[in-house]
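Just passing along the structure, written as structure tokens.
Order of writing sets the chain letters: A, B and C. Residues in each chain are counted from 1.
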Amino acid sequence: MKTLEELRKIREKAQQEMKLRSASHRIKVVVGMGTSGIAMGAREVMKVLLQEISQRQLTDVLVTQTGEKGLSSLEPVVDIIEEGKPVVTYGNVTPENARKIVAEHIVNGKVVSDFVVAAENK
Amino acid sequence: MSLKHIDVLLCCGSGCVSAGALKIREKLEQVLTENHLQDEVNIIETGCMGPCDYGPVMLIYPEGVFYKHVKVEDVEDMVQEHFIKGRPLQRLMLHEDEGTPLVTKSEIPFYRKQKKVALANCGYIDPEKIGEYIAVGGYEALGKALTEMTPEQVIDVIKRSGLRGRGGGGFPTWLKWQLVNQNPVQPKYIICNGDEGDPGAFMDRSLLEGDPHRVLEGMLIAAYSTGASSGYFYIRAEYPLAIKRIKKAVQDARDLGLLGDDIFGSGFSFTAEVRTGAGAFVCGEETALISSIEGRRGQPNPKPPYPSTFGLWGKPTLVNNVETLANLSAIIQKGPDWFASMGTETSKGTKVFALTGDVKNTGLVEVPMGITLQELIFEVGGGLAAGKKFKAVQLGGPSGGCLTSEHLDTRIDYESLREKGAMMGSGGVIVMDDSNCMVNVAKYFLEFSLEESCGKCTPCRVGLKEMHSILEKITRGEGTIELLNQLEVLGKSIKELSLCGLGQAAPNPVLSTLRYFRSEYEEHILSRSCPSLVCQELLHYHIDKEKCIGCSLCARKCPVQCIFGSREDKYEITQADCVKCGTCQEVCPVGAISRFPGVSADLRQDTAAEFTKLYK
Amino acid sequence: MYEEIYIKYSPEQENLISILHDIQDSHPQHYISEEAIREVSEYLRIPVSHIQGVLTFYTMYSTRPRGKYIIRLCESPPCFLAGSEKILAILLRVLGVKLGETTGDGLFTLELCACLGVCGNAPVMMISDTVYGDLNEEKIISIIEKYQGGQA
């Protein structure tokens, strides 16, 4: 290693791989993975979200799961949590819709109003 | 392309591995594959997270959930509930007394008073991946030192930080460096002393296992400042995992060019090698350690000359302890003032302690210097197990001393401890409850030093043996008050006359217990009684006839057939024949048999004549 | 006979301790024979007496054949406080040997050792390179059985 620049490059790359352990994420995507959510296809939705986010190299987005939210008729449910903005909840999310949510909401910051079931300030 | 959305940090320090962490990993991999989650979950083996008695422990990110006592049977649930459904398992979390679960690490009392500097990455990064160390800022301090500072400037920073050797002596680190730096003889060597022999101390093992690159970076910084061109990690053979990890770290650093020629284009070149011990406590002493690296018997040599003038192969050599080296990168990066803002007037920074013995939370903790023993044992360590009373704490291993409940408000720094007759040592803290006999404990520690004495100098070789035989006499009930004085005189002369630190410190446990628990020694001698019910010759078993149901189980199980009686008359122990094995007490179904201090009354009459002789 | 080991180390005295470790580890009975000592003496060109001196100084070397697995029970104070004496009694009984001896089937040698640094999980023992903590009778029996069954 001859320069500090080389070290910096290694650091940046390695930090990407450790991002799950740091608290700094621009957007948190939470998939409801209760029994009914899974029954309605939440696992598939989760997979699509992960694939889309990974393909687009959205390194500041965190995908995580949560338990039953009590919205059985609206499962699968996905929350988009962004610092300083109301939490947006999407319902009846299909893999198709999930792609749209990533492309429009997460990338362009435009809420996909068609599937929104709730938006509230936390 | 990565689909990972869960990081499982599995503590794979030796403690958790001994509790079965690797089996958890195996099962986890299997269950993840069954559920097609293998691409979504990272399993990262980290170094020691600290709370060893909760092992196996794990941390799950992004939430940062802390699980303890994880068993193979829990893995299925963990994957189904937590990883798939996002419902962390409360039953694997730590609970506060009222039953509220403590979800993340920061909520756990064990961690609250801690301040991690040397241990900052232990339990957070994968110690076998140099990338993870670099990701958290690793090797930047080295880069800064090599490209922006002169060796003298680095020494000055360490001087201002107030860092003192963490291996025991507490010698100012910068001064040791300066002595080597100013020595014109070439080549110079640096040795990382990883021969952590003090029983009850395992911070160096944990650092080498959990964050080996931090230690290596520290060595590089020290080498640059002193002008050393090659270095050795001397690790004891009892630590196979630490040896493996540091060897890998050296190899990975070499591959990246962080070891070798012209590091960071600064012109500074350095090579490092790993050497192992082969089972000799005395090799922790620097001159003995040097002998061992040279391929000889690890016997110490008189100082002076000090290694800084005449060390490895007669060349100037810097010997620094693992934890000392592990503090360096943070001092360079965050500055000497930051480091000096922690601790006391004379002892700066933080210190890693290994809490062991009868304390509730055993494990590895790092706290600012100057916190009190009370805080360390009762707040961080959680106090003693229910129903047990604090009796003493042994600081500094077999070379240290015992302190009592009177000293709980003592601040932990080099000077305060020495003043009280204990020492910082390498940071082993062995907590003892009221079931321990201090005479027996002192004998035990002395036995340790006696066995480890290399035999080169007479005070240590013969003197310790003499002290030990006196202690034997006392614990057998053959002691006299005169012997106590002899013990003190002997101890003091061994301290003064021994060649190296081992002998100079070996009498400490005896001297400090004599100082603080003299009445317990006297009771052993004058009343022929061990009040803590440990010394077998000075206690007896007795059957409470009120409780005895005459079942005869004790009589049948007694290996020397010294219990007689009948269902009607109940049973009784023939004290003269009893070997005090304790079997009767263990098998009694109604708890009618107990131990009592002192020789039993009937036996006392038999030996009354002999007994009076002892009083004279 | 030990060419594979020599290849890793130049013929210098400083490599003696590492070479002895490797020879001992590579022998199925984990010991260093008279013959091995003579060979190393030739390779490093140092006297047999020096090697003997080193061998007998360090406790982890053995000049007598030992079992396939070496059980090292930690005898340091934290383990002592946690009842290592009882554990020793259990091991002696389960294995049916005295301290330092090897079981009849040549499988285990029982030794005591210095602190293994796993004091938070005392009492502990190490078999080969694997450390087992929080020992009790039940655990010891199941561990020994596992090794006897060859699944270790």
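Some points to look at:
In the analysis below, contacts are C-beta pairs under 8 Å (C-beta built on N, C-alpha and C of every residue); 3 or more make two chains touch, one makes a residue touch a chain.
Note that the structure is a prediction, hence the values are computed from the model and not measured.
A linear topology is adopted by the chain contact network, the touching chains following one after another without closure.
Averaging Cα atoms per chain gives one point for each, and the point farthest from that of chain B is the centre of A. Distance between chain centres (mean CA atoms), chain B to chain C: 22 Å.
Between chain A and chain B, the centres computed from C-alpha atoms are 44 Å apart.
Mean C-alpha position of chain A lies 53 Å from that of chain C. On the side of chain B, the complex with chain C involves touching residues 14-15, 17-19, 51-53, 55, 196-202, 205-206, 236-241, 275-281, 292-299, 354-358, 362-364, 394, 397-398, 428, 430, 432, 436, 441, 444-445, 448, 452, 454. The touching residues of chain C, when paired with chain B in their complex, are 12-18, 20-21, 46, 50, 53-54, 57-61, 76-82, 113-122, 124, 126, 129-134.
On the side of chain B, the complex with chain A involves touching residues 1-7, 9, 40, 42, 61-63, 83-87, 124-125, 129, 131-132, 134-137, 139-140, 143, 147, 256-258, 262-265.
Interface residues of chain A facing chain B in the complex, by the touch rule stated above, are 1-4, 7, 10-11, 13-15, 17-18, 20-21, 25, 30-35, 38, 43, 47, 50-51, 54-55, 62-68.
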